[in-house]
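Below you'll find the structures, each written out as structure tokens.
After this come two complexes, each holding chain A, first together with chain B and then together with chain C.
Up next is the complex of A and B:
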């Protein structure tokens, strides 16, 4: 019984952990502008996340090697450092976006500008990292984050024309009012929202933290193969509510409140309360994870002691890196850059950076010295190579699209 | 001398390998290697593992490497000499890790961790737990 509970809890946190500010914003924005015609991008991103996380999780469980260990060992000191800097920069952008997201959730409740909440949020986040055990951070907010399921309830409550919704999803086409470049920019943003580097670093390092072994493979596979796709379904549901309510009104999403509007229309105040709690929990957990990921990545690259299971005095450099990350991320939000803009930039650049960390993981996943009999099978390798090709294409087109469309304007 | 659990085909396979203390505490990576040519003129022999910014910087090369090296030189009590772990202090070497002997502790491998612990982490409430 206890084991079933543990497995279920892991699954729930995998669903909750999948959705963060990136998914909330990109699904809301694209639903309002493109209806369901970009559903395929969420599907591509989610499949990619599943393939990548399963491989990274296997390397963590069998060889005990988290991602940035592998990056330096396989890519060497220079390219590894480039990788590390890219990853830290992305984590910083992501953290700033998540802090902005928490702030917007609190602004919805309190009517006090999100900027005033930012210092308090940063203090709370860092306090949680400093004092709370790893399990509590991961499980508590993962479970509360599930209140985002209210979007699925709302979708069934709304007067939905299911026929046109599914045909828009199954026959993607660029709306006549939008340019092709904008369409593909948002496709990249949706892929990037599902495939976030910090989540992979967190997933594999967290596995090592929890002491995964070969016997944890079932739980790990369940989380990646069932949990992440369910998270993808939730992203699609958010997109659908936005497509049903906001698109006919011609509303552009510029704040989390607009993402929650369809739920408020369908289910009233109670529904909106669930949505706001979900926003808060999902972004708070993601903010903590993005910060920890930076500490993990830097410590693993330099070979220092790392991990939440160690007391701060046993992993001093790791905790100092987390602290510096938190300070820089907070400063970035306090520049008053629009959090929605930071989110979009963070997810598209994140999509572009995926091949950097995926390539070494793919190489190690084929190394018998590390994985023994658990090396990639033919299926995993075919999926891995196809996925690598897709992400390389995405990286090549990302920057031109970002500048050409001026960030999707 | 160190016990070798595998045959490295080339020396660069030893670079960037994780180093652990005798008690399993992670200390860092192999940033560089020191070879010595014996006085009789034979083949060079691996005599030490080098760690720290003054070994890491030159491997990066260019302006970035020079900067790292210069910062390391100013902050380190030993100047531009990297932390040097003689092979006699190495317990085991395999493809995935290098483990040091208990007696390697005074060599300076713990210096950065000790400094951050004492000057930053222990100053924050709850940090000295």
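Up next is the complex of A and C:
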């Protein structure tokens, strides 16, 4: 019974933890602008994330190696350092976006500007990282994040033309009022929102923190192969509610409040409460994960002691890096840069940087010295190569699209 | 050539290029460009005001909390104000463009005023005032309809 509970908890956490501010914003924005015609981008991003998270989890469980050990070893010290800097910058942007997202969720409840909440949020995040055990951070907010399932319920309460919605998803086309470049810019942003480097780093380092072994493989695979795709379904549901309510109004989504509006129209204040709790939990968990991921990445690269299970005196560099990351992320939000803009920039740049994280994972997942009989099979390799190619293409087109479309304007 | 000089040259070339590509503060040099700007402005304002309208109606039906409705309407008001400011910064290139701008100015100002009234009424919990402000949005939103097709 205890084992079944643990398995179910892991699965629920994977679903709830998949969605962060990037998924919330990009799904809401694209649903309102392109209806369901960019569903394929969420599907591509989710499958890619599933394939590589499974590989990274397997490397962690069998070889006991987290991602940045692998990155430094396989990419070399210099290229690894470039990867580390890119990763830290992205984590910083992501953290700032998540802190902004938590603030916006609190603003929706309190009517107090999100900026006034930011220092308190930073303290709460740091307190959670300092005091709460790893398992609690991962599971508690993952489970509460399931409140976002209210978007799926809302979809069935709204007056939906299912034929049109399905057709838009299955026969994607660029709306006549939109340019092809803008369409592909948002496709890249959706893929980037699913394939987030910090999640891969957190997933594999978390596996090492939790002491995964070969016997943990079933749980790990269930989380990635079932949990992440269900998280992707949640993103599609957010896109669909936006398509049903906001697209007919001709709205360009630019605020988190607008993403939650369809839920209120379908389910009233009760539904809205679930949505806001979900926003809070998803962004809070992701903020903690982005902070820890930076500590993990830097410490693993330099070979320092790392891990939440270690007391600060045993892993001082790790804890100091987490603290510095938190301070910088907070300062970035306090510059009053729009958190939604930071989110879009973070997911797009994340899409550009993801091959740097994926390539070494793919290489080591084929290394018998580390994984023995658990190396990639033919299917995993085909999927891995295909998605690596996809991420390389995405990486190449991202910056030109960002400038060409003026950030999707 | 030292690294510092190379760095300076890269920055000297990259900054104007980035500004050019991102189109910061670019004028609208042709009538066609101005029509496009007018069309996108009309669409953006209409979409933003429509969300405020729907939000206020949902609040009246008890589907939205006071704080949530206030946030939505305040954001809409700020967004519309920002859109109008951006549009006003564009120089109409011809007499026809000046006339076109004149057609858009009135509904934009009406919408902006109605959104301010709506926010004030919401904060006062004034249901009648909210209904009046929502009603005041209808006419300018209808006027914006044809302007969303300008130049097509």
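Throughout what follows, the second predicted complex is superposed on the first by the 409 of 409 C-alpha atoms of A that agree within 3 Å, B and C clash if a C-alpha of one lies under 4 Å from a C-alpha of the other, contacts with A are read in each partner's own complex, and residues count from 1 in each chain.
The rule is short, and it goes like this: a residue touches a chain if its C-beta (ideal position, glycine included) is under 8 Å from a C-beta of that chain, and two chains touch if they have at least 3 such contacts.
Small disclaimer: the values here were computed from a predicted structure and weren't measured.
Look at A:69: by the touch rule set out above, it reaches chain B but stays clear of chain C. In the overlay built on the shared chain, the residue A:250 is in contact with chain C alone; chain B does not reach it. With both structures placed on the common chain, the touch criterion links A:378 to neither chain B nor chain C. Of the two partner chains placed by superposition, only chain B is touched by A:81; chain C is not. When the two structures are aligned on the shared chain, A:368 is found in touch with neither chain B nor chain C. In the superposed model, A:313 lies in contact with chain B only, and not with chain C.
Legend: residue contacts after superposition of the two complexes on their common chain; A:171 is shown touching neither chain B nor chain C. Looking at chain A, you'll find no residue that touches chain B in one structure and chain C in the other.
On the side of chain C, the complex with chain A involves touching residues 18, 21-23, 43-44, 46-48, 50-51, 54-55, 58, 62-68, 70-72, 75, 79, 148. Of all residues in chain B, only 15-19, 25-29, 31, 56, 59-61, 64, 95-96, 112-113, 116-117, 120-122, 124, 126-129 touch chain A in the complex they form.
Chain A meets chain C in the complex at residues 107-111, 245-246, 249-252, 254-255, 257-258, 260-261, 264-265, 268-269, 272, 403-404, 406.
The part of chain A that touches chain B in the complex is made up of residues 63, 65, 69, 72-73, 76-78, 80-81, 130-131, 302-306, 311-313, 316-317, 319-320, 323, 369-370.
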